[in-house]
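Each of the next two complexes has chain A plus one other chain: chain B in the first, chain C in the second.
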Partner chain A sequence: MPSNEGWLDRFVDGLPSNPLFMFLARRVLVPYWAWRTPVTPQPGGPRVSIQPGDNVQCMMNLIMPLKDKSPIGRANAAMAISQYKDEIYAGLDNVGTVHFARFVIVDDNICMFSVYDGDFTNYIRDFITTIGSVFNAVVELVEEGEAVIPCEQNVEAFIEWVHARDMYQVPDLATDILKDQKGDKAGSSPDDLRKLPREVVLQLRANPNVSLGGGYRAYPGYSAAQVRQKFGVGW
Partner chain B sequence: MSTAFDHADVQGNILRGYRQRRVRHLVLEIADRTAARRWLAATVSDNGDGVPQITREGRERWTTKPDTCFNIGLTFEGLAKLGTPSISLDMFPKEFVEGMNASAIKLGDVGSSAPENWPAPFNEPKRIHLVASIYASEIAQLDRVQHQALGDGKALKLLGACDGWISRDNHVHFGYRDNIAQPRFAEIHGPEDHADGQPRAPLGTVLLGYPTNFEGLTWRVPERVGHNGSFNAFRVLAQDVAGFEAYLTETATYLLTHPDVDELLPPGAEANIGEGLSRHAALREVVAAKMCGRWRSGAPLALSPDKPTHNVTANNFDYVGEDASRCPYGAHIRRSNPRGGQIVQRVANHSRRLVRRGMPYGPDYDPTRPDTKERGLLGNFLGANISAQFEAMTYDWINLGLQDPRVTGSNDPLLGANDPATSWFDLPLKSGTTIRLRGLPRFVTTRGGAYTFLPSLSAIRFLGALQN
Partner chain C sequence: MGNSSVAKQLVDAIISDFPDHEPGTRPVHTIGVGVEGYFVASEVARTYCIAEHFNGERIRASVRFSNGSGSPVQHDGRSDVRGMATRFHLKNDAATDLIAMTLSEFFVRTVEEFLDFTKASLPKPVQKESPWRKLLDMLQLKLPLPDPMPGQTMGADAGMLDYANRHAFAQLGISQAATIGAPTSYARASYHAVHTFIVTAPDGTRRPVRFSWQPVAGVHVTGPNEPPRDNYLQQELRERLRQWPARFMLMMTIGEAGDALDDPTRPWSDRRVRVVMGTLTLTKVAADQAAASEHISFNPCRLLPGIEVSGDPILQARRDAYEVSRELRHATACPFNRS
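Then we have the complex of A and B:
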């Protein structure tokens, strides 16, 4: 089939591999876009769903930047978690809807990655109810943590604080990113698919840490209690 | 705490019900900020200048019930429109600020229940500023108070009105006796009053500024306007009575030939269910009772598993260690309040309790002449924290069924966002087996609603005196 590409098409197609253009894009074009059309950072967590299976085994990827960005700061965080490990695990046990939870230090962030069932706010609220006083010791090591401790007396603020630090979960269907950006302005303007690449760039500028899609699952969604019941280990 | 509690600062429809026969909820928009503030000030002025006076709580309930009662709730838009200082507005919780429409998926308001399908005045939620509720026994009294409340129309514009009424003693359209179980408060009820097998609820269950059911945990109290206030999820819930009765008929027919049916209803036990009932008709009532957790008479299955006893308001029971062949794990009243029974969320047994103030709307349903006119329930679901109580109960328990692995993945048989293609409801039997019912349609459709805040009397005075 004969190509009917003109020189302009070939030039535009070649831009992403042109080092000069990419330099300008990173340093000039993206900041300019971001200034022209501000994109708000998206809160974290999965989309709310009432489909059975979609509302269990939800992921929380909580990234909390440490105040002290040094080996001493990281050591303090590691010590806080190890000191209160038993209390934290007992709290997670009492919540009843948590499958797994892990604490990880990445760069200068203390992270809590967990898989839970049902509503995010219920998870965090029930967790804080049982071990709030212990978790305060972790939160006070984190940037802007002092605004929400003691967390058991700042429940609403603490839940929003966690929500804001939970990783934005980029939709499996990339076009859904446009819906997320519209938020409560849904239906305000039709989606313009030509803008999608730009919108993705801007969103990832606003949310540097993201989780990509819903993730892989080897089996359909079951609640933690369903799994425990099937294995006969009590729930 | 009870000694410091000022009963008269709390609106009268929160801690106990009025037991009036009729209600009218006026859905209102603030037409003019200054006039609306004057109107609010007048509702608590004790002389009124012709404006209805807010009915308040008292240490003792009145000896003679007033002819009419009057209460108000404000939406976040209403508080903002009144010019409530931002220091107070910023302290309201997110779900209240964003409003009921924003929580649609959490509440199961999808498909035919989605806010996009709500009729006026609920199709324009941002215009709803205030919901004023009038309680009385006669329509003429409702009309009179409405006329007084609207006055010259300068302060408030009427967007719509919802009338509810009780035709039979506390029965709702699906034929159940309702309004039996409510949280009891130490400040109102003696330890033995209406004993219900549950601890008396701390005031913080429903009022801001008091200890909650969560030990050591307190909710944020918006400055100047929060204390002694309560949040309300106001819901207009249409009930498909013809669909419900048809489902009972269809299910009874299916059960008649089910191999385990004799365990559900031993042959000859039909007379326990009702005089002269056929086996089919008795099975209809058994299914209705299993779905709700109470017989239509009001008698709870936990106390009376085999027959609808005459002690219809019996409420002193628990599910601790109870065999589910009495009350199914998935039954409506067990899902919405598991009492002390085993649940997955171990800290949540009593923490999601709500005060329910509902009244049916629409014409009575006549089973001899089935029709599909709109009828249902005007529900008020009160609590100190919408997210921790109303939304938590609806999202995790009514739908999804996360509280018990044996019901997880199913929705409430009466109230749930059911789809006949996937819905199921288990009837546990004494032998340990279950009969699984399928194909439950959605019987209750949301037709409107709003999250409102029911301010204290002193908060109403504060709002009425704003000058900015």
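Then we have the complex of A and C:
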């Protein structure tokens, strides 16, 4: 096809990769649209669902900013975790609903990523019962942690505190982010699909840390207890 | 209105979306290629479904890959849905079909919505968006309209977008169709049967399920900035199969109470139990393409004991619509198996 592109076409088509335009977008357009069309931060953790498959292998992605943002602060966090390894493993065994759990340090955050079965609040309650002392030691190193420790005496506040630091799980289906944003107005008229990129940008501005989608599972739909029972490895 | 009348309406509506449609060819998925191969069910498949092709024996299979368009002009490199229709050849000249496409959900839920959707998708003249309009879109952080493909003068994108913006149920399918791209090979795409079927296990348990083909070679699409090529998919498949068979795993996802059993616009959660039902091995492009690609007629409702249609109105309407299409193009009839 003969090209009928003029210099203006080429200039505009190149804007998305133009550093000046990107600077303008970051500093002016995104704040402007965030002001014009405010987006509410989405809560973390899995969505509420009564379907059995949605209540096994749930993800918790906890991001906790350390108070001491230096190598010493990170080392303190690493030492606290390694010091309590036996308590953590015994606690996880006793909770019985956890598939995987690990602590990770990313920049100046101590993170706990886990995959568990059942209700989130019961999961945290079980943890408080079995490894509350470990949580106290870790949370003490975290910004705004003092208010909820000892966790055994602040159970509901501690659950809320954890929930607030659990990452928003972006829906697997791109258009479902529009439904999340509408919340109770989900039945109202649909949005313009061409605004989807803006909605994603604004949501990621409101929730800078997110889990992208629900994640892959090799054996979806099965609890830790079912897997153990099937393999004959007990409890 | 009778089933055959509705079916004729559906076929006519689809044909109207492709002004250059050639009588005697398929209304959609017109350009295709027939391939030969065989299917072997997994060890566990027979515990979920009593249907003959899941008994573990080697089953001869015929597959037709296709581009989604109903135009007779081949545009392999255009962003478009691709099809994979599979016939399992069973004993005593029986057969069952599984029809799948690269889109994981459909655009509409009912026949009435489908007729509306085809009206909205009637091709209209396409023009490149003016740079000023694009700039305005960018300042609003909106996606500019895509430029027409080389040589494209008519298009359905604007009508489909308008439909999606008026019907929330269609947004997922239309947004995915708009960004689906072109596969580098027919053997490197996932294909989804979209509708819910009911399978029966040896103990009589009936489960709602959806089927997908997963390519063993992995999914791969052409780069978005590559200039589209019009004709490469069939030749690529020939060359690929000359060297080595291509394989697909048949995955079966089991639905739960609360899942959209009769609504093909809603995919199920990835967190449903997923079972590997078997492996399809494609060995060669059929020598007689007239028989293997043009005259063969598939039907998503050509089932056999052990698999039934769900209450999905689109699935049920497809049964008669495919028959009307077959008759219009004088294709080979394949009797239904007691269904």
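We adopt the following convention: the second predicted complex is superposed on the first by the 209 of 235 C-alpha atoms of A that agree within 3 Å, B and C clash if a C-alpha of one lies under 4 Å from a C-alpha of the other, contacts with A are read in each partner's own complex, and residues count from 1 in each chain.
Following the convention adopted for this analysis, a contact is a pair of C-beta atoms (placed from the backbone, for glycine too) under 8 Å apart; a residue touches a chain by one contact, two chains touch by 3 or more.
If you're wondering where the values come from, they're calculated on a predicted model, not measured in any experiment.
*Asks:* Based on the superposed arrangement, let me know which partner A:14 touches: chain B (first), chain C (second), both, or neither?
*Replies:* A:14: touches no partner chain.
*Asks:* Looking at A:25 after the superposition, I want to know if it touches chain B, chain C, both of them or none. Which is it: first, second, both, neither?
*Replies:* second
*Asks:* Is A:160 touching anything from chain B or chain C once the two structures are fitted on A? First, second, both or neither.
*Replies:* So A:160 only meets chain B here.
*Asks:* Considering only touches as defined above, state whether A:208 meets chain B (first), chain C (second), both or neither.
*Replies:* neither
*Asks:* In the superposed arrangement, does A:53 touch chain B (first), chain C (second), both or neither?
*Replies:* A:53 sits against chain B and chain C alike.
*Asks:* Considering only the touch criterion stated at the top, classify A:198 as touching first (chain B), second (chain C), both, or neither.
*Replies:* It touches chain C, and chain B stays clear.
*Asks:* When the two structures are overlaid on chain A, which partner does A:128 contact: first (chain B), second (chain C), both, or neither?
*Replies:* The answer is first: A:128 touches chain B but not chain C.
*Asks:* Once chain A of both complexes is superposed, is A:41 in touch with chain B (first), chain C (second), both, or neither?
*Replies:* Neither: A:41 stays clear of chain B and chain C.
*Asks:* Using the superposition described at the top, list the residues of chain A that contact chain B and also contact chain C.
*Replies:* Touching chain B and chain C on chain A: residues 49-50, 52-53, 56, 222.
*Asks:* Of all residues in chain C, which touch chain A in the complex?
*Replies:* It is residues 128, 131, 134-135, 137-143, 145, 150-151, 161, 164-168, 171-172, 174-176, 254, 256-259, 267, 269-274 of chain C that touch chain A.
*Asks:* Contact residues on chain B for chain A in the complex?
*Replies:* 93-94, 98, 102, 105-106, 108, 110, 214-220, 343-348, 351, 385, 387-388, 391-392, 395-396, 399-400, 402, 404-406, 408-410, 417, 422
*Asks:* Given the complex with chain C, which residues does chain A contribute to the contact?
*Replies:* 1, 4, 6, 8-9, 11-13, 15-16, 21, 25, 29-30, 33, 49-54, 56-57, 172-176, 178, 189-198, 201, 214, 216-217, 220-222
*Asks:* Can you list the chain A residues touching chain B in their complex?
*Replies:* Result: residues 48-50, 52-53, 55-56, 94-97, 117-119, 121-122, 125-126, 128-130, 132-133, 152-157, 159-160, 184, 222-226, 228-229, 235 of chain A touch chain B.
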